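In order of appearance the chains are A, B, C, D and E, and numbering begins at 1 in each one.
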Amino acid sequence: AADPAPKKVIKIGVTQAVDSMNPFLAVRLVTGSIQRMIYGFLTVPDSKTLQPSPDLAESWTTSPDGLTWTFKIRQAKWSDGQPITADDAAWTFNKMMTDDAAKTGNGPAVENFASVTANGQELTIKLKAPQASMLDNPVPIMPKHVWEKVKDIGKYDAEVYPTVGSGPYVAVEHKKDQFVRLEANPDYWRGRPKIDELQIIFYDNPAASIVGLKKGDIDLIGRLNPSDFESLKGDDNIVQWNTQGRRATYLQVNHGATTSDNKPIGDGHPALKDPKVRTALHYAIDKQKLVDEVQGGLAKPADGSIIPPLYKDFFWEASGAEKITFDLAKANKILDDAGYKKGADGVRTMPDGSRKLQFRFSIHTDAPVEDKLAEYLTGWFKEVGITLTTKRLDSSKFTEETGTTALFDIAISGWSVNPDPEEVLGTHLCSRRPTASGDGGGTESFYCDPTYESLYLEQQKELDRGKRAETIKKMEERLYTDAPVIALYYPNDLEGYRKDRIAGITPIPEDKGLLYGGSGYWPFYTLEAVSKDGASADGGGSSTGVIAGIAAGVVVLALAGFFVLRRRSGAADERE
Amino acid sequence: MLELDELSVTYRLESSDVPAVRGVSLQLAAGEALGLAGESGSGKSSVALALLRLLPRSAVVGGRVMLDGEDVLAMKWGRLRAVRWSSASIVFQGAQHGLNPVQRIGDQIAEPLLVHRQASGADASKRVRELLAQVGLPAWRARSYPHELSGGQRQRVMIAMALACEPQLIIADEPTTALDLMVQAQVLTLIRKLIADHGISLLMISHDLSVLADVCDRLAVMYAGRLVEVGPSSGQFQHPYSQALAAAFPTVGDPASRLAPRGLPGDPPDPQQLPGGCAFHPRCPVALESCATSDVQLRASGADRAAACVLVGE
Amino acid sequence: MLEATDLHVEFSGRGGRRARAVDGVNLSVGAGEIVALVGESGCGKTTLARTLLGLERPTSGQISYDGTPLSYSGRALRAFRREVQLVLQDPMGSLNPRHTVYEAVAEGPRIHRLPDEEAVVADALARAGLRPPERFFQRFPHELSGGQRQRVVIAGALALDPKVLIADEPVASLDASVRGEILSLLLRLRDDLGLSALVVTHDLGLAWNIADRVAVMYLGRIVESGPTEDVLKDPQHPYTQALLSVLPESPNRIVLTGEPPDPTRIPTGCRFHPRCQLVAAGKGTEACTTQPLQVLPATTAPQVSCHVADLVGRDRK
Amino acid sequence: MTTAVEELEQTPVRHGLLRYAATKAGGALLSIAMVIVATFFLFRLLPGDPVRALAQGRNMTPEQLDLERARLGLDKSIPEQFLHFVGQTLRFDLGVSYEYKRPVLDLIGERIGSTLLLTGTALVVAVSLGLWQGARAGWKPGSKFDKVSTAISLVLWSVPTFWLGLLLLMVFAAGIGPIPGIFPTRGSSSVDKPDGFAGVLDVAQHMVLPCLTLVAVVYAQYLLVMRSSVIDEVGQDYITTARAKGLRDDDIRRKHAVPNALLPTVTLVFMRIGFVVGGAVTVEAIFSWPGLGQLFYEAIRVPDFTLMQGTFLLITVSVILMNTLADVVYHLLDPRVRSA
Amino acid sequence: MSNVTWVRRRRAIGRFWADFRTHRAGVAGLVILAVAVVLALLAPLFIDSSVTNVVSGTGAKMAPPSLDDPLGTDESGRSVLLMIWWGSRTSLLIGFLAALLSMVIGTVLGIAAGHFRGWIGAVILRVTDWFLVLPSLVTALVLAAILGGSTATIIVAIGVTSWPSTARLIRAQTLAVEARPYIERSLALGAGHWHITTRHVLPNVAPLLLASTTLEVASAIVTESTLAFLGVSANKTSWGTMLRGSYDWGAATAGAWWYILVPGLCIVTVVMAFTLCGRALETVLNPRLRTRAHA
């Protein structure tokens, strides 16, 4: 209260705790978004188009063979006043390339790097193979002069404050599992943010975070689930932010899983090898109903594939005859025609009568939405003569069975897509299948399709964004019709913030984009706090004290009263 | 000194009432030692506890208990507390249970001093040493816990405690029952010596007539909540029950009891279902027909002796 | 019938010290004989009784029954226990509160698979003086008086037709007026069935009441034994003398000082010497404090184990 | 003569306690050894490949996976792994968390303070309140006070901790109707926690609800235990003696009944520490309290096996140590067992 | 003789019932329990698992109590009342079976630990003590997480972590019973281990066991709900999973109080009923309290 100009503070609630303040080690989403605010990157998605735009790299050129990239690093300062040079970037990448421990956070981003060198403000990266996603590099550039002193990156917790960074904010405090406090970086090259302090506050209990938002303990919260989002309705001070999200939810179908040397693996149901069966399943899913009932209407039914409509450039949607709509009769007909006869119990068998069409549906434990999904799918599949049983697995087991050993029939899946979709597209490549020994992988489908492979290579080399998008859409179409995965819906990005605290915030992309859940620091750089007169903004601490004091007083009084009463009654009923 | 007038104690249980003491009248003069005998369940302890109103809440007490001319049963709470221990103190049967197991015995002896005499700590501990010496225990024993003492020593501590406030009356409820023969002799010797030295009145309770006869001037015998005989400890018993009780403890060397144990046929009465008439008649070897129907009160049967039997006196 | 020879029983007490509860005992119970074992609390009476029944294994020495040494195999023990039976001090505790009188008495016959259970039970109850037996079959222990309970326990033992009864303080917890009845029962059983009995007690009066022979125990040893009249009317051992002197009716008391001794620390020499009134009065000899005494043999003749009284005893003969 | 006896009588006391403490400590060590062994095999039973769990769905090359496996010692045989595990554990090395990439011990160290604060406070409050109320209730069984306390504690006893926590959060943190939400919704302190006394108040305010939840559930057990313990004592003869001495009712309860009743309660109080710890898992999750329980909960959800294993080991071992301490304290308190 | 035994049994039960009836709280608990168990048993006559089926959930989502759905609906428009009814089967089943498991382990080990002195008893006691200090919820959590959260594994996880207190109790009781002179008498009559433990010890610990099992069921139901809440239970609808659902689907923030309160209150009521019943049983059957009352 001593400060004449009240600090402008915005508090953001999150339901995931920070895992590590060391960017080389951190893997959690929440940590990623905090890094975006503290550190500069080579590029940042443009706030309007989501296309890569200059960040620490002012400009860049690429050699004709696409193997050498030269970035010009901006003349700017670290938050401790040291100049930022290409050396910092080169050190960061080289560290990751040479030190296994430093790969934990963003290892794959440098896998294709052959060498990284610096010369003044010029950074040169040589690749092993051409890479279209080069401009979406997710690695924060670290200040060499601070970090080179760290002996063992793998054991360094980076809990030194204030942090030395080049982003709009500087971390000044982190309490484990509680909060991270960021202060505006006055030397930020785009200019100082409009607020003074940004607090990122962790909630273990989502319900409590909603309460916190309603009470004003926090000012903004992202990644809401539909029911929590609904419950913000009717609060005049809260803006419900509902836009298209980055995510696609789909089913992964074991259509005959193979290893990287094309040997069959796993115990998938043979019927699922038949694209007709997969299509029939696709017809038997009422995506609109799922959206309504499971996602509370806050999602878009997926008539496309794995890239959500948020990314307009790359989004593809089926239309015309190709489009599959919920039609149980049609699903039944397809199966009947393909020779899957219904038995007396209403369950179909394979044409050769060998096996019943009984599929397992693998989901995660502790995932209520998936549970609910399973219940609906079971209901519909039953109508078309297919039995679906639910199998709940913890996440490691799930990853193993659906990604390596292929011990599944149908599994839930989903992916949060980055502005550049290469990563998600890559998860359906032949090369991602596990080796015979069960290693490697990262496949999301065990898919291995020559058409898809060649399209992938094509888009990877294509540096013209428009043409590349066309190729990518063909890939999506392929996935849609061949149905190794069946997209269900694209969940909306649901957020909420208090308009009595936040005067302005620019989503990314600016037109109906995301706030917390977006990529890049834009929303938080553009944050404007409602300026309040008087000390009320800062009054939290003292009023808290007062309330606690009163509470303590009440307790003491109650106890005292109790004792007095007890004394008085004590004399009366002495025992004889 | 102490006068019981038609004292009665009834325990109210959920199902029924237990008339444990049914009209007991007794006098105890200053400096006198009175023995109260009777079998288990005859109401001896109930009498003792009623004297200081120590009975549990479920007990209903009738009659009067005059202690030094004051009716204990009508006393105000504060007065009663003052009377307890300073005028009359109690030594219980189970010395191991009568002492708080987690308190040093010195503190337990000193406690009534601090409560009633408002004694200072130093005075109290001095007195504790004196008391321990009186009962023949070394002073350092004050720092012992009850379990570190033998049964006889514990009983002596109880006695020391009872003497703490120099009461005029000590009630000793079966002070030696749980003790060994030799230890019992030690304790009895101590009690005899103390009452002789201090001129204290004693009400001593036991089921062993020979023990009582040894210490007391007069004896009272209870049966089923009633007094059946009161008289000097020397001399022949007149009530058949008292006689049977006396015979149950044979005299070693007495040829009459050699290879001829004697007892009463039948079972001790259940206070909840007392027989009509004289409560003793079902077991009485000399019962008359009238005994089954008409009850008998204590009647004089010679100088200083009274017995509740139709066959005595008159 | 039942004989113990040089019996020793030790317990490892707390703190690793060994308690020599029974420390060299020779004792025999003849056919149709009632022997009383007396002594103060903790001197090892119960331990001796339990060992005689095979409930406790002796550290050394042996038990023999009818001349054959007791074997501790399950089968032999079971056979032995048909012949030798136990009656305990606390009749309430000796009866399982959840078993009826019938079940309590039938337990033995069931264990030994005797035929005609019901008749056996009825007969045993009748012999123990609970008549008519059928009236008691369905009663629970808490519905009986103390004397009746003790009769049930005795009936339970009689149901097996034993030859020897070991009674550990059989009347200590009973009302004075009832105890005479139980003792009479024991005498009658001896007369009618020829039962032998070892009665363990601390009550000299009881011994006088029913015993043919008395053995006085002190700190794990029998210090004096012999026919009841001899021992109780003319005690030789200073300890027996003291015990008898503190009976209320006796004129001049010898109250021993000190607490009952501790079987983990048995004094050297005569084990009684620290409390002995003769030693205290200076009438003891050198041997009292230094020289251990012989274990008394299992004879029926009067005998005493004392350095001083030995002389007296021999004189008397 | 007397002095000799005195010495004889006094010395065994010390020895007894030392020997007792040593036995207990030995027992505790054995228990801990059993915990270590059990933990090893328990967590080896887990389905799934820990390395893959470690990868958490990120792409790793076979070489990377092998490297990880070697780093975790998973390429060795079970006996070798066991020896390694035991060696590590004995050196207080609980391994590295999959999720946090940091030594489990560090993670625990960061959170143990808040847990101790919360559970410690809750325990103190629950113990003092429960024992006090239980003593009073047991002193006069059947009285109105007894009936009310017993009823309350029976209800609280039956309430699932997490449910109570949720309700309290909804009522007192969110505020319902006329009840204002005066308590914070999360955490152990405000972000802008003031310094000094105000800071203490701030933490206190954050602690009220989680503490209340923990207390409510545990205190009921203490109350009931104390109550029955006191009821047991009330019938004892030494209480009658105390009454005969002319002591006031309150004094008898305070000086005689309660100290005796406390003794059997002490062990139980400590025995229930396991419950407090268990309760802390749910309470910390609901109130976002940054403690061990939360860490454990997170480990289970991820699942992060080294973290789970380390936390489990630590929680269990500390409960064992607490219990051992309780035994020794009990021994110190009760003169009967002290010199026996 | 069986006739006689039967008469005796009937008398014992009659006496027990007369005693039990005086405990009003216990009777109330028993009535609640009887109602709950009967309802759970009868449920299949009226409803089936389709009440938990989302596809057929017809009501509005999170609708407040109405005539159609007297206790409101959940996030999928299913009737909370019917779910509670159907879910009571799982909750009670887990409660009973876990308690049964715990009781069987506890009894066998407790009696063995009390009866066999020497190293067998010492080892069992050691193990029991060890399990006793393990924080049971934490251990159950780990077990359930390891074994997967099916109904059977939840039962095992609860049973395996909750037996030690039973074993302790039974051991103490066994020791107490074996210290009674009638055991000595039985030995003297020639009885062996089997006879002693089955004829004397077991019948004497049985009543206590009944009481403690009743309490155990109560705590198993709470533990189940806690495990479900912590997300390790993959059960079919039970009260615990319903509460978890209300938490997952934001019932609290949506103001759907019925969805939170009803399952919670069901747990509290049934658990309390078990507790009251157990405590009443304990007072009626505990020989220690009993003799005191009779003395």
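Everything that follows uses one rule, which is that contacts are C-beta pairs under 8 Å (C-beta built on N, C-alpha and C of every residue); 3 or more make two chains touch, one makes a residue touch a chain.
Chain labels with UniProt names: B, C = Peptide/nickel transport system ATP-binding protein; D, E = Peptide/nickel transport system permease protein.
All of these numbers come straight from a predicted model, not from anything done at the bench.
Trainee: Which pair wins on C-beta contacts, C-E or A-D?
Mentor: Between the chain pairs C-E and A-D, A-D carries more contacts.
Trainee: Centre-to-centre on C-alpha atoms, which chain is most distant from subunit C?
Mentor: Result for the farthest chain: A.
Trainee: Name the most central chain, where centre means the mean of Cα atoms.
Mentor: D
Trainee: If you average the CA atoms of subunit A and of subunit E, how far apart do the two points sit, in angstrom?
Mentor: 43
Trainee: Distance from the CA centroid of subunit A to that of subunit C, rounded to the nearest Å?
Mentor: Computed from C-alpha means, the inter-chain centre distance equals 87 Å.
Trainee: Take the average of all CA coordinates in subunit C, do the same for subunit D, and state the distance between these two points in whole angstrom.
Mentor: That pair's centroid distance is 53 Å.
Trainee: Would you give the residues of subunit C that are in contact with at least 2 other chains, written as numbers and ranges?
Mentor: Not one residue in subunit C touches at least two other chains.
Trainee: Of all the residues in subunit D, which ones touch at least 2 other chains?
Mentor: Touching at least two other chains: 47, 166, 169-170, 174, 243, 248, 285, 297, 301, 303, 340.
Trainee: Quick check: what residues of subunit A touch more than one other chain, meaning two or more?
Mentor: Residues 207, 211, 214, 366, 394, 574-575.
Trainee: Could you please specify the touching residues of subunit D with respect to subunit E in the complex?
Mentor: Those residues of subunit D that touch subunit E are 27, 30-31, 34-35, 42-43, 45-47, 154-155, 157-163, 166-167, 169-170, 174, 235, 271, 273-275, 277-279, 281-282, 285, 296-297, 300-301, 303, 308, 312, 315-316, 319-320, 323.
Trainee: Touching residues of subunit A toward subunit E in the complex: what are they?
Mentor: Touch residues, subunit A against subunit E: 206-207, 210-211, 214, 225, 227-228, 230-231, 293, 296, 365-366, 368, 372, 375-376, 378-380, 392, 394.
Trainee: In the complex formed with subunit E, which residues of subunit C make contact?
Mentor: 50, 53, 55, 74, 77-78, 81-82, 85-86, 88-90, 93-98, 100, 102, 107-108, 111-112, 117-118, 137-138, 142, 153, 156, 160
Trainee: Please give the residue numbers of subunit E that touch subunit C in the complex, ascending.
Mentor: These residues of subunit E touch subunit C: 1, 4, 7-8, 11, 180-182, 184-192, 195, 199-200, 203-204, 287, 294.
Trainee: Across the complex, what residues on subunit D touch subunit A?
Mentor: By the definition above, subunit D touches subunit A via 47-50, 52-53, 55-62, 64-67, 99-103, 106, 110-111, 140, 143, 166, 169-170, 173-175, 181-182, 184-194, 197-198, 201-202, 204-205, 208, 243, 248-250, 284-290, 294-295, 297-298, 301-303.
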